[in-house]
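You will see two complexes here that share chain A, one where it goes with chain B and one where it goes with chain C.
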Partner chain A sequence: MNTAFLDFFIDPVLRAPTIGSMLMCLAASFVGVLAFVRRRSLLGEALSHCAYPGVVISALITPLFFSASEEALALAVLIGAFCSGVIGLWVIDKLEHRFRVSDDAALCFVLAIFFGVGVLVASRIQITHALIYRKIQVFIYGQAATMTDSHVYMYSGLVLLSATILFCFYREIQVSFFDRQFAKSIGIRTRLVDRVLFFLLVLAIVIGIRSVGVVLMAGMLISPAVAARQFTHSLKWMFCIAGLVGAVSGFLGNFFSIALPEWGKKAGFDWDFILPTGPMILLSSVTICFFALFFAPDRGLLSRFCRIVKFRDRCILENVLKSMWRKGEGAKVSFKEFASWASYSQFFTFFLLLRLRRQGWMEKKQNLFCLTSDGRLRAAHIVRLHRLWEVYLVHMGQKAEKVHRSAEEMEHIITPELEKELTDLLKDPRQDPHHQPIPRKEV
Partner chain B sequence: MKNNECALKVEQLTVNYDKTPVLWDISFEVPGGKLVGIIGPNGAGKSTLLKSLLDMTPQLSGKVEFFGEPFKKVRRKVAYVPQRSSVDWDFPVTAFDVVLMGRFGKLGLLKWPVAADREAARHALEMVGMLPFAERQISQLSGGQQQRLFIARALLQDADIYLMDEPFSGVDMATEQAIIALMDALKAKGKTLFVVHHDLSSVDRYFDWVIMLNTCLIACGPVAEVFHAESIMRAFGKEGILLGEAAKLTQTKTSGIN
Partner chain C sequence: MNLNPYWGAGFFHVLALFFKRLFLFLTGQLSWQQMASDEVQIFVLVLLSFASALIGTFLVLKRMTMLANSLSHTILLGIVIAYVVLLPFSQENPSHGLSIEVLLIASLITGVITTVLTQLMTHLMKLQEDASIGLIFTSLFALGIIAVTVFTRNAHIGIEAIMGNIDALHFNDLKIMGLIGAVDFVVIMLFFKEFKIVSFDSGLARSCGYPIQFFNYLLMVLTSATAIGAFRAVGVLLFLAFLVGLPLTARLLTQRLHKMILLAFVIGTVCSIVAVALSRHLLSIYKMPLSTSGLVVTLIGCTYFLACLFSPHRGILKRRS
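Here is the complex of A and B:
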C-alpha cells in the first residue's frame, strides 16, 4: 500500500481523521494566538487537564440514560469536557480574584486537582466498565484514527463558531488585550471580552482533546502562535499565519503517522504499525515552530546571525580603507606590504582587496594598490566619525587616552542623523583630543 | 465652546480599595477650557481619581458629572490616556493600529474603520510628529514616541475633555515640549485637559488650574491662587503621610493580616 497525498482527503477511512485534525488545529491556533498575546499561555495547559474528569464522568453516565451509540457518546463527551473545563475556569478565576492566589499557583492547583479526580474515577471504572475505560483512554493522548464523518461535521460547526466570534469582535479583542484601561474608557466591556476568550479556549480544547489528547493540547494551542509571531508584527497576520501553521501541522501529523512506517517498511525495517496521530501533529507543529525561530526573516536567529556577520565584514572593509587613508594622499601599497600590516591570512587579504576593488573603493596600478577618489572620501568620513566621537566623549568628561577604543567601534555605527547632532553639539570641531585634524564634511 | 459651563463637577467622591480609603470625600468643580494639573505625592490617589471619573473603579459614594451629565452619557466627549507602563508594548500591533483605536469608541459593534478613519489617524500621527513611524512595531519605539502615540490616539477621539495619566513620565525633553504645545493648542480650542503630573517645579509654567490631592482634596483652583508653599506642604508633608499610614494600619487590622 502506498498512500498518495490526495488520498488523505478522499479515502473514506483517512479523510475523517485528516480533515478533523486540520479543523481542530485551525481552531486551536486561532485561540492560541489570543491566549499568547494575552500572556495566558499556560491557561490552555490547565484547562485541557480540567476537561479530563468531564470526559470520564460523562462517558460513564451517558450509557445509563441514552443508547450507547458512538455519536451520542461523542457528543456527551464533548459536553462533559466543556462543562468541567468551564468549572475549572471558574475555580481559577475565583482563586485569583477572590483569594488573591498568584495565577501560576492557581493554574497548577486546578490542573493537578482536576486531572487527579479524572484519573481517580478512570482507574475505578477500569475494573467496573472496561469498555468505557478503553474509549476514554483515547482522550489522554488523543487518537484521530477512529474519527468518523460525524465528528468532522461537529468540529467544523465549532470551528465556524469560533472563527465567526473572532472575526466579529476582532477590534474589541485587540484593543482590550492591548490596553485594558483605554478599552474600558471607550466603553468596551473588558470582562466580557475575557470571558469570550476563555469560552473559545475551552471550546478549542474540547475540540482538540479527541485528536491530540489532554496532555499535548497546550502545545498545540501555543506553538502555531509562537511560530506566527516570528513572522509578523500584526495581529491580523498572526491569526492567518497561525491558522495556516495549525492546519498544515494537522495534515502533516496524519500524513506522517501513516507515511513514516510505510517508508520504514520500504527501507527494509520491520515497521508494522501506525504512529499515533496526536504526538505526530504536535511534533509537526513544533518542528515548524523551531524552523520559524531559526529562519524567520526578521526575528529569526539565522537572520540575526547574518546581520552580525555583515556588520563585522563592513567593519573590516572600512578599517582597511581607513589605514590606506592614513598613509596619505596618493599612497601606493604593494600586496606584500599590505599582508604584513593586516592581521589576516594572505588568502583573506587577497579577497578583501579584490572586493574593495570591485566595489570601487580601491584600484590597482602596476601591482600597487591605492584608494580611488570615492574610497578616499569614504575613508575620510570614517575618520571624521571616529574623531568626532572622541571629541564627544572627552566633552562628556572622559579622559583623552581612553576614548580611542570606543571610537573604533562607533565609527562604523554612527548614523548621518547622529553625526549631524554631534556636529551641532560640538560646534563642528577641527581637532580631535589627540590634536589630529578632523576631516571636513563634504558638501 | 463650553467655556463658561462647568466641565467637571465632583461631589463627595469616596473610593476604597478593600477597606483602605484611596480618595476621601472629594468635591470640586472645574470650568471648561482649562489646563488642569493633578498634583500629589505617590499613592495620593491621582490615577484613581482619573479612573473613578471614568467609572472604572467602584465608587463607595459620590457623584461625577461632565457638563452636567454622568459619564455614561458623555463617554464620547471624554478621552483617556492611561499610564504608558500599563500596557504590553510587545503586543503585535503597529503604531498606526494603536492610533486607530481612538476611533473604536465611535464605531459601534460590527463596524469597521473606513478610509476617513484611517486618514484621520494619519493626520493625528502627523500632529505628534510620528507619521514616519506609522508602520513600526510599537516595541521598537522609544518611551517618548510611545507616549506621543497615546496622545495621537486621544486626539483621534476628538473629545472635549482629556484625562491624561502621567504623560510626562519617562519621556525626553523634546517630547515633553511637544506634548505641552499640543495641550496648549487643545486648550485654545476650548477643550479641558486634566493631567496627572509629578514635577512640582513646572506646575506654574504648564498649567493654569491645579487640583492638589493627598487622599483628601488639598486644594482646587487657579494655579496663582492655590499653588503656594502652604498647600504644597499640606499635600507632600508629614500630615499626609500620617493619613496614609493610618489607612494601611486599618487595612491590616480589619482584614486580619496582622
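Here is the complex of A and C:
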C-alpha cells in the first residue's frame, strides 16, 4: 500500500481519523494559547485526567436507559467527560482558595484521585460490560483510527462552537488577560471571562482525548502555543499560528503513524504494525515546537546566541580602538607589542587586526599599526560615551571613584538617542569626574 | 501451592486474620514464604506509603509535585532505555520483570534526564516553568509509548503501566519495594536537616552554602526510584495518589514536619489495609472483583475529604461553629 498525501483526505477509512484529529488539534491549540498566556498550562493535564471517570461512568449508565447505539454512546461519553471535567475544575479551585493548597499539589492530587475513581469504576465494567470497557480504554492513549464520519460531524460542531465563543469574547479575553485591573475598570466582568475560558478548556479536552488520549492531552495544549509565542507578540497572530501548527501536526501524526512503519519495512525491518496515532500527533507538534524554540527569528535560541556573540565581538573591537586612542595621536604599535598588551592569543590578535583594517579603522605602515582618522573618530566617540556616563552617575549621586566599572559596560550600549538626552541633561559637560576632557561630538 | 486463607472471608474476618497471621509471621511460627497474595499486597502498599510519606512531604513543601508527576510518566522511557542498554548483557528473558540493576539505571536516567531537560527549557529557552514541565514529560512519554510499540509490536502494553496490576504481585516485588523504602529512609534521615532547611527557606540554605541543586536532584532521583518500584506493583497513578494525597491530608491535621511525615505514613497504612480487606470483602460476599489500586486511591480521596471536614485549623466544621 502506498499512501499519498491526498489519500488521507479522500480514502473512506483514513478520511475520518485525519480530519477528526486535525479539528481536535485546532481546538486544542486555540485554547492552549489562552491557558499559556494565563500561565495555567498544566491545568489541562489535570482536567484531562478528571474527564476519565466521567467517560467511564457515563459509558456504564447509558446502556441502562438508551439503546447502546454507537452514536448515543459517543455523545453520552462526551457529556460525561465534560461534567466530570467541570467538577474537577471546581475541586481544584476549592483546594487552592479554600484550603490554601499550592497550585501544583492541588492539580496533582485532583488528577490522581479522579483518575483513580475512573480506574475503580472501569475495573467493574471490565467484568460486566467487556465490550464497552474496550471502547473506553481508547481514551487513555487515544485512538484516531476507529473514528467514523459521525464523530467528525460531532467534533466539527464542537470546534465551531468553541471558535465562535472565542471570537465573540475576543476583546474581553484580550483586555482581561493583559490588564485585569483595567478590564475591571471598564466594566468587563473578569470572573465571567475566566469561566468562559475554563469552559473552553474543558470543551477542548473533551474533544481532544478521543484522538490523543488523556495522558498526552496536556502536551497538545501547550506545544502549539509555545511554538506560536516564538514568532509573534500579538495575541491575534498567536491564535492563527498556533491553530496552523495544531492542524498540521494533527495531519502529520496520522501520516507518520502509517508512513513510518512502511518506510521501515522498505528499509528491511520487520515492522508489521501501525504506530499509535496519539503519540505521533504529539511528537509532530513537539518537533515543530522545538524547531521554533531553536530557530525562531527573534526569540529563538540560535538568534539570541548570535546576538550575544555579536555584542561581545563589538565590545572587543571597541576596547581595542579605545586603547589605541589612549596611546595618543599618531601612535604606532608593532604586532608583537600589540599582542602583549591585548591579552589574546597571537592567532586571535592577527584576525582582530585584520578585521580592524578591513573596517577602515586601522592601517599598517612599515609593519607598524596605527589608527586611521575614521578610527580616531570612532574611538573618541566611545570615550565620550564612557565619560558622559560617568558624569551622569555622579550627577545622580554616585561616588566618583565607583563609576568607572559601570561606564566600561555602558559605553557599548548607549544609543545615539540616549547620548543626545544625556548631553542635554548634563548641559554638554567638558570634563568627566576624574578631570579628563570629554571629546567633542563630531559633526 | 497452598490455598489462600483469605478465600471467602468478609471484611472483619480479613482484618482479624491478617493481624493474627502477622503475629505468627513476626514470632516465626509461619515462614515468610507462606505469605498469601493479600498479605503481599498489604505489605507492598504499606512500604509504598512509608516511602511516599518520606519523599512526598518534601515534594509538597518544595512545590515540586508536578515534576514528580512528570517523572511518573517519563519512567516508561527510562525503563525502555535501560532494557535496550542492558539487553545484550543479560541472559534472562526481559519479560520476566525487572532486575535490580535495570531498576537502578532506569531510575537514574529518568530522574536526571527529566529534571535536566525541564530546567534547560526554563533557563535556556526562557519558557514558563509549568509549560516546560508539560512539554518535556508529554514528549518523553510519547517517545516511550512509540519505543514500547516498536520493541514489543503491541500498542496496548502501556495501559498496565498506568493501572498497575496489583493482583499479580509477587514476593519479589515486596523485596524490591522494601529495598527502595530502606534506601529512601537512609537518604532522607542522613540529610534530614538539609532537606528541611532547603524546603522551608531556600534563601537561608543558599546563604549557608548548602548545594540546593544537589538536593533537588537527589530528591528527584529518590522519587523516580520509588516510582519505578511502584510502577510494576501498583501503577504510577496509585503512586502519585500516595505521594501527594498522604502529605496533603497530613498537612490539614498538623503543622509540624515530623508529625506530618508520621501521620502521612499512618494514614497510608490504614488506607492500604482497609482497601485490601474491602476488595476481598466485595469479592467474597458480592462476587464483585474491583481494582484494588482504584479502591486505595478512592479511599485516600475520601480520607482527604474527611480531613477537610475535621481539620483543627482550617476545617469546614471548625469555621462554621
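Note that in this section the second predicted complex is superposed on the first by the 312 of 443 C-alpha atoms of A that agree within 3 Å, B and C clash if a C-alpha of one lies under 4 Å from a C-alpha of the other, contacts with A are read in each partner's own complex, and residues count from 1 in each chain.
By definition in this document, a contact is a pair of C-beta atoms (placed from the backbone, for glycine too) under 8 Å apart; a residue touches a chain by one contact, two chains touch by 3 or more.
Everything quoted here is computed from the prediction, not taken from an experiment.
Contact with neither chain B nor chain C is seen for A:L377 once the two complexes are overlaid on the shared chain. Contact with chain B, but none with chain C, is seen for A:I188 once the two complexes are overlaid on the shared chain.
Between chain B and chain C, C contacts the larger number of chain A residues. Contacts of A:A163 after superposition: neither chain B nor chain C is touched. Of the two partner chains, neither chain B nor chain C is touched by A:L75. Of the two partner chains, chain B and chain C are each touched by A:R39. With both structures placed on the common chain, the touch criterion links A:L368 to neither chain B nor chain C. In the superposed model, A:L317 lies in contact with neither chain B nor chain C. Overlap of the chain B and chain C interfaces on chain A: residues 39. Listed in rising order, the residues of chain A touching chain C in the complex are 36, 39-42, 44-45, 98-102, 104-105, 107-109, 111-113, 115-124, 127, 137, 140-141, 215-216, 218-223, 225-226, 271-276, 278-280, 282-283, 286, 289, 293, 299, 301. Partner chain B is touched in their complex by these residues of chain A: 37, 39, 168, 171-172, 174-175, 177-182, 184-188, 229, 232-235, 238.
Only residues 60, 63-66, 68-69, 73, 124-128, 130-131, 133-135, 137-139, 141-143, 145-146, 149-150, 153-156, 158-159, 162-163, 237-238, 240-241, 243-245, 248, 252, 288-291, 293-298, 300-301, 304, 308, 314 of chain C touch chain A when the two sit together in their complex. Residue ranges of chain B in contact with chain A, taken from their complex: 51, 54, 56, 75, 78-83, 86-88, 91-94, 97-98, 101, 104-105, 107, 109-110, 112, 137, 153, 157, 163.
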